[in-house]
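Sharing a structure, written as structure tokens. Questions coming.
Order of writing sets the labels: A, B and C. Residues in every chain begin at 1.
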């Protein structure tokens, strides 16, 4: 269900006016999307992807930091369980030296505190078997679907559905996934915003993928701010998303004038060749997953999930998905991603430029208050809408559970 | 002289109760051993080992940071002198480019300020000989015994004896020492606590030393909290120590039950082989030195001294000691430590596991307030007693002498 | 025009008295040269060297941080233009991926925001050509002279002349320059003070340059604090400088007595060899450039400019200058600097010792408040005069334009 655009725009424009009329001092805490500016550690009460399924074998233990929380995962009888990765006794990470004696437990390497992965309760203390303590570790809900292991970060009850925090299509029957997860040294919001930024494609004009696919790339497409430019949805599953289809009805622009000189895009089509608009659909979904369909090839979708690790780093998930009918098709898809798209679309041939941009954004926003100084332009309406969406629909701004500040 | 255990335990237990009943916020500054929690930079007014004697040759100059203080050492006519390692003129470290013109002096490499190492007074200024300034550097008392150079950190008068701050035995006539000094990236307290932690031996069960010595290793020994479990002493020299002999009267436990499965220690003795209790005595001494006798072999003791460098690093001294009757025995001992025990007991074969544990403790205690959140169990009574001992008997919590906070 | 020395000295001496009589706490904010102590990020409203001319070719783009400001430079038709290196749109550095479509513009690699380098105004937005925004980047005045590109940091109007902030001689007709620019990990003031510190030459006594030039090096020259020892000038161009010529009338001292022993300089002249005073003139100029004439050889001058990068780093410019009559002489000079003086005088053979000293000064001044604890001696009168000069004549202490503190 689309929402009306007008009042959004008015809010945004009056905000913009203020932005230039007042000092930075005066602007503090006045953004229309202020909760988003404050969401340094990500959005609480959502499901986040932790691993590809094939990364965690039966009985295997792995730790990760997600939204600032240390979490250890173990797969038992096919199911994945997740616990606080911090022994209740002295605080060390269980995953630092993974150790198991029985199927359902993880044992701390230091003093043998042994926790049941299903409820987090202390099952035994190897170094003092007669001692019983009613302590345990926090457990995290997990789900596994479409080749991905998801973990729920938050404390909301009842537990929101996995569907409500994943983009449409990803959980469909028959969907398989393949891809990469890369560490980026920037806050997560620079990751999300870069991912669906309408004009950031300019950054990619010299990337190998463009050449390999013979993609003509216009300098611009005029953005007309009407109700066709984008629309927000909240679907029957509770998903909150924003569709960007600004280019739908406008012709691509391959030439711009600078200083009286006409400069033609090196990726303009050859004379006589047909020029189409973008033939893919772009949408962004809370808590931070881009969907492009089709991409990087027909019959495939990409889900680029931005996963906050801590305040200054995030994982850049590039998940390629498709539907397969049988094991042969599945293996063929994996081969195609592993041997073609991984280099060409997910790393050196394309996404490296995105990582470059995300990391360049970190300094001005973290050190120079660019949240209050940026000069957004018309196509950024999509980014501002995304911020407004998060500000209005978020289920909590995540905070560190344990910190020196809290205890003293 | 042993002290009564009961009141200690009561204090500890009531403390523990509070620990679980209240929020972390409410717990702040309420620990029975609070001075220990505040002793971030170590305990003042104790002697600390700075070097092995053989590390500082006649006339040689070396600098170290100890309890946050920069100190430069020089050996003159066999005696070691210690000075503030910070030229009074412009503050640079004298040890950065060691320089000497005469036996009793150290000259600053920058402008030739020359200090007498015996009293720290400015003796001459090479670059302006006619200028006399009544300035000088702080001197530190030193002592050398049993192959170790000690330095006194503090300002107490009269000066406490070296014996009062070293474990028994180390200074005895005929004792020689050999070992290693390794940098560990954690606060010093994690070093001390790990060193005599009764159950941390679990961590070592796969270390090479265990296999080389065919040591059976029980999972546990039941700790009975009676007056035989441990005792504190303050001896006639003024030493404060804590003896841990919990295992004396209890049988070792080689099997534990987890999830209904009996799990046998891989280091359990073969059927029919005799199983003894630990045949060594363990004690810990203020300001932070473990003594194990005998270890790593009969006729030897190990003194594991935890030396605070700064707030987040410490030296892990592993000093093997023995008594020798002549130079031949002395050299034989050095050879045995250098070519056998150094690898097998002091580094890769055993102590590397301790360094791993000490560094894993740093994050939860430094960043997540684990001093107020830890869930200690029965065998930790020894650690809590150590904390109580330090809280009651310490001679001052060390603070940085010079800092921006103090001057502005 | 020389100023009277007496009142300066009196101020300095009464200051010194206070220094020793009071605690560091009491001394806070009482230095006679307090503005200098506060000038952490350098002096505003001066010209600073950004590059050697040959480092920026026609059409080339390079970024640098100068006094904490990110600046991007481009050469157009031979002239150098300088802009804020921070796109107004999202804050990224234009210089991170330099990009140009037309002669007078720089285009941001991220979204195609294109700025005219001459006035900083937004000329076009490649990714949305019909959008017009009245935004722009701050521009910086530049000048190019004697083979150096200068940039003005500040906001003073009218713009002070380049001459008023450069040492005499550097801008003269026919002057050419050559040299190096090296990163030093210390605050800029340690760079300046080290550069003309009268007695720091002691530090260099074993450097290769001394041996190569057969330079005898006395331990000391007596400093007599009279009106001949130094003089400050403010010339008709507005330059503020300080000449140090303490050695003019005093004999060099090659022997000093320490602990009753006479110690002779290893760089004393051989018996019978003549000994002269230093045959070069030393002066220091605001905002921080040493001039030594002649140095490193006859007919040459060195200009050692200390350029603040940020609070804890600076560039150490070593600029050798000479006058040439024709292109042949010019090339011969470049060859001599590149193949002889660069190693022998500007880096390994001499200046590496200065970098060592500058970096050693960082810790005591930054962490241990040495501004309030240092024990200056008589020859430091030159340094104290420099500080007084800066405290009285500076045109502003530089502050970061944009920071989190300012906006929130």
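Everything below uses one rule, namely that a residue touches a chain if its C-beta (ideal position, glycine included) is under 8 Å from a C-beta of that chain, and two chains touch if they have at least 3 such contacts.
Everything numeric in this text was worked out from a predicted model, so none of it was measured.
Judged by shared residue numbers over all numbers used at their interface, chain B and chain C contact each other through mostly different positions, with under half in common. Chain A maps onto chain C through a rotation of 120°, based on Cα atoms and reported in steps of 5. Chain B and chain C, compared by their mean Cα positions, are separated by 47 Å. For chain B, the set of residues that touch two or more other chains is empty.
Within the complex formed with chain C, the chain B residues making contact are 86, 88-93, 96-97, 101-105, 109-112, 114, 116, 123-131, 133, 135, 402-404, 406-408. Of all residues in chain B, those touching chain A in their complex are 24-25, 27-29, 197, 199-200, 202-203, 219-220, 222-223, 253, 256-259, 261, 263, 356-357, 360-361, 363-370, 372-379.
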